[in-house]
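Input: structures, listed below.
Consider the two complexes below, in which subunit A is the common component and subunit B and subunit C are the respective partners.
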Partner chain A sequence: MSNGIRVAALEDIPEGEGIAVDRAVTGTEDDIALLRDDDGTVWALNNTCTHAEASLAEGWVEGGYVECPLHASKFCLKSGAVQGLPATRDTLAHRVEVLDGEVYLFPGQQP
Partner chain B sequence: MQSGGLAAPACGALQRPTDLNPNIDVSGLVDREGGLVDRAIFTDEQIYRQELRRVFATSWLFLAHVDQFHKPGDFFTTYMGEDPVIVTMDKTRKIRAFLNSCRHRGARVCRADFGATRNFTCTYHGWAYDLEGQLISIPNKEGYSDSFRAADWGLVEVPHVDSYHGLIFGTWNPTPESLRDSLGDMAWYMDAMLDHDPQGTVVVGGVHKWVLEGNWKLAAEQFASDWYHVNMSHASALTVLAPSGKPKDEVVHRTGRQYVDPKGHGHGFPVHPRNRFDAQTVHEWMDYAALRERLGDARVEGPLTTGHANVFPNFSYLPVNGSIRIWHPKGPDRMEVWAWTIVDESMPEHVREAQRLYNLRTFGPSGIFEQDDGENWSEVQAISHGFITNSVPLNYQMGIGSERHDDRHRGITSELYSDAAARAFYGRWRELMNTHAWHERKDNE
Partner chain C sequence: MNSRVVVVGGGIAGVSTVAALRAGGFDGDLTLVDAGEFPYDRPPLSKDYLSGTVELKHIALQPPQWYDNQQVRLITGRTASALRTGAGTLELDDGSSLPADRVVLATGGRAARPPIPGGDSPRMHVLRTAEDADRLRAALQPGTRLLIVGAGLIGAEVASTARQLGCEVVLVDPVAPPLATAFGTEIAAWLHGLHETRGVTTVRGAVESFYGCGDAISVTLSCQEHTRSFDTAVLAVGMAADTTIAEAAGLRVDRGIIVGPDHLTSNPAVLAVGDAARTCINGALAHRSEHWEAAERDGQRAAATILGTTAPADTAPWFWTERHGVHVEVVGALNQADEIAVRGQLGQPPFSVFGLRAGHVIGAVSVDDSPAVRAARRLIDRDITVDGAQLSDRGSDLRKLVRR
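Up next, the complex of A and B:
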């Protein structure tokens, strides 16, 4: 767990939803969205949609993807790859580990 | 819309010419005292446009039931007159309503009937609004000048939204009388349906929606004032429902009262000490002694069960079935009926289901009573455009002079068989139609 930041309790993130972790905590350029898929797994992507000012943490999380709440572009939870318009650029994915119900974030590390 | 009216833009100016909306004096089309109505009020396009401006844009209109909203982002889309609106719960759990039309090119920003969302995004160019109606995303925003301010282009909000015992109403009037005041003594009658116990009511099932070829006032007027049609129009339904196949004399020859509201509401109800809910399971579950304690004998023996009611202009209900409905106007010749079934929250599941089925079978879209009513309204409308037909006045003279204070019911009542509440309905309609609405008044008026 070296370098991991304990950012949330797993139970704080309902399945199908997300929470944003402030860049002051992560030390990254953007806030980071912790996104919990409907199978219970947690993933992390840069929080701001690559298309417009929108928080992916407020998006719809389902089936391995997050859908932006504003204009419905989808991103792969695992890789950050964009799936369709209006966004055209991939976003950045970060490594997440869950241990004993605690969520640890590794900003800048590949999942 | 005059300058300074609804949603005047901060930059740029439009001035709609006043002759775009001609002012028709309708005082000669409704004779409230004499009980006459001119059929042009059901068919004329200009009168209809004036109704949208002066009746629907000024009155409190039914929007939804509070049980349709449980968490922020829950929404329901409906109409106020012909204006599409989104009713939603914001992040502070306040119920708000917005015009469902993007401020950019005017498309709807929510195209679902109901659901849960975080934002309302226009599918045309992608302008997006939050649950408070604020414009929060504009694709290619750099294309607008520095003077463009997103704060000026939020969704147009319905200025007043309020509820009465779970029923949510809204009005475009920026300075309305309160919802409670607008209901007046009608509230006493509504309580007989909505306030059986402290838990109030909930919605069961979805919202049924169907189209009828008829002017909206035909339906509203009947629910306000018309027990008269029951034995004739619903003869087959009454026969089918009678266990012996022959309806009892006491069912056919009922006596009762009709509430006549000065603001155009109306409510007719048979009066009998043993009035009961029609669905047997509901009847057996009801604690009539407790209801007498809470509501008083007069309401239990009258408005609690079999009756019909309309809250001006276009919200109607049937207490015995838990049916609440709105008659959405769709031009002078057409309406959309949107109907909910509500039950007491305290009802156990099997009682709720019994009431749902009973309402579905009698007053659902294919219900044995509803079918009769729709047939009548469509029949009346279908011939109304004939020139001679349209010129012959209609008779609303039953019970002229019968309106009085009785010693059991609030306000003024007439006989069960009477046109009194219809005369009040059209009297209120005429008053609003001949009054400049808030959006037509100059600042110094």
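Up next, the complex of A and C:
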């Protein structure tokens, strides 16, 4: 897949959870969280919460949002838009494709 | 008429009111009056802001452009001096007057200062505002002998930060263990015990008197024969609601501005939210939850009242705290539980404790294990029946229990 990086097998990411992909792999400023919604869809956001030093990959993923594991700010999985305080800044969303059970990440490309 | 709303107080309750009004489609004039430089978040005042790790601008509740984007007139450095409900105006301390159809009082509270002899010494501190934190930080140097009175959430957080800064800390509280109602006795005892392992001296007792002498404060503790000397002392013994202008305006007040579940005060042109308010339901005064999220939700409910829309659904109360590098979360209440389920090993983070009643989770506490509390919150809110053994089983997937 052109420009995509194969970062995980789909089965590595349980529904409702996430895994972090190291910036050494993604080539981005921040690590990237692969977040699998409870409907099975995989999304990708910058891993560090825009409010505090917390990994969104360890957050609660459900109903189109990820909830930060520290102070519970929510981000839209699709757009990275912040949904509530204490975070005030949106995070960055990246494009993800799943092909034959493999997850491909397109760092820096919008979903 | 609802075309002009003035919110007094830029803490989380006030800012949440303003945000929820605009999010709900309020298109009238909206003014927020804040005593500080700009509205900021308070939880960091005992942690990263006190330690000097972050600056005030980093803990702004909203970025500066937000107020313009939301068409909110932000008046800073001012407090309200009088509420003229008959005239429909709010007077500020600079003598100016704001016309208002509805006023929302989010005036918060002041740190309690119990009448202990000598408690007015300049070496005594409280922690409620950024100015308080600035003043305290300036006093916390490596080797500073610090006395903290009260081992509740703020006292414990200050103790932890002061240790990071290299202070010699004595933490005194008459209750053993402190915060048992919030955490349950076992976790409360373990958390309190963390202080000693991190070099804080904990003392069970009360302060009888302070005596300022030269460059130190002498303190007499109820449990000790000799006085002890400290460089600095912090009173962390709770808060008193700021009801001054509400009382002067003749609103019903009882250690808080009395409001119904809709946040209307005894005068329906005035609402109150956050730490300043106290809810009365069917004639009974409710316990005030002095936590961040409770204040945020107050603002959302008050906005719904003004807009005439449905208030957001209730959710189990939740808060977090940190001390000595561990992150603790609490949801619901453990004290009515008839069954306790421990996930992991108590005292070895990550671990959690769930309280159940008749097969339903009613509360939980987690230490470095926030997914457990996030799951518990959903189990409570969705009224899902669970088996305590499943909660205790580290191998069980809590997310699956929630989704079942």
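Criterion: the second predicted complex is superposed on the first by the 111 of 111 C-alpha atoms of A that agree within 3 Å, B and C clash if a C-alpha of one lies under 4 Å from a C-alpha of the other, contacts with A are read in each partner's own complex, and residues count from 1 in each chain.
Methods note: a contact is a pair of C-beta atoms (placed from the backbone, for glycine too) under 8 Å apart; a residue touches a chain by one contact, two chains touch by 3 or more.
What you are looking at is a predicted structure, and each value in this text was computed from that prediction instead of being measured.
Superimposing the complexes on subunit A yields a three-chain arrangement in which subunit B and subunit C clash.
Residue contacts after overlaying the shared chain place A:38 against subunit C, while subunit B stays out of touching range. Shared-chain residue A:10: touches no atom of subunit B or subunit C. In the superposed model, A:76 makes contact with neither subunit B nor subunit C.
Contacts of A:98 after superposition: neither subunit B nor subunit C is touched.
Comparing subunit B with subunit C, more residues of subunit A are touched by C. Applying the stated contact rule after C-alpha superposition, one finds that A:85 touches subunit C and leaves subunit B untouched. Stretch 131-139 is the one among 131-139, 185-193 or 419-427 where subunit B clashes with subunit C after the superposition on chain A. 58, 69-72, 86 are the residues of subunit A that lie in the contact sets of both subunit B and subunit C, per the superposition on chain A.
If you check the complex, the residues on subunit A that touch subunit B are 51-54, 58-59, 69-72, 86. Contacts from subunit B toward subunit A in the complex involve residues 118-119, 121, 126, 128, 136-137, 139. Here subunit A touches subunit C in the complex through residues 14-17, 38, 58, 60, 62, 67, 69-72, 85-86, 88-89, going by the rule given at the top.
Partner subunit A is touched in their complex by these residues of subunit C: 12, 15-16, 19, 41, 43, 60-63, 66, 292-293, 296, 318, 320, 327, 370-371, 374-375, 397, 399, 403.
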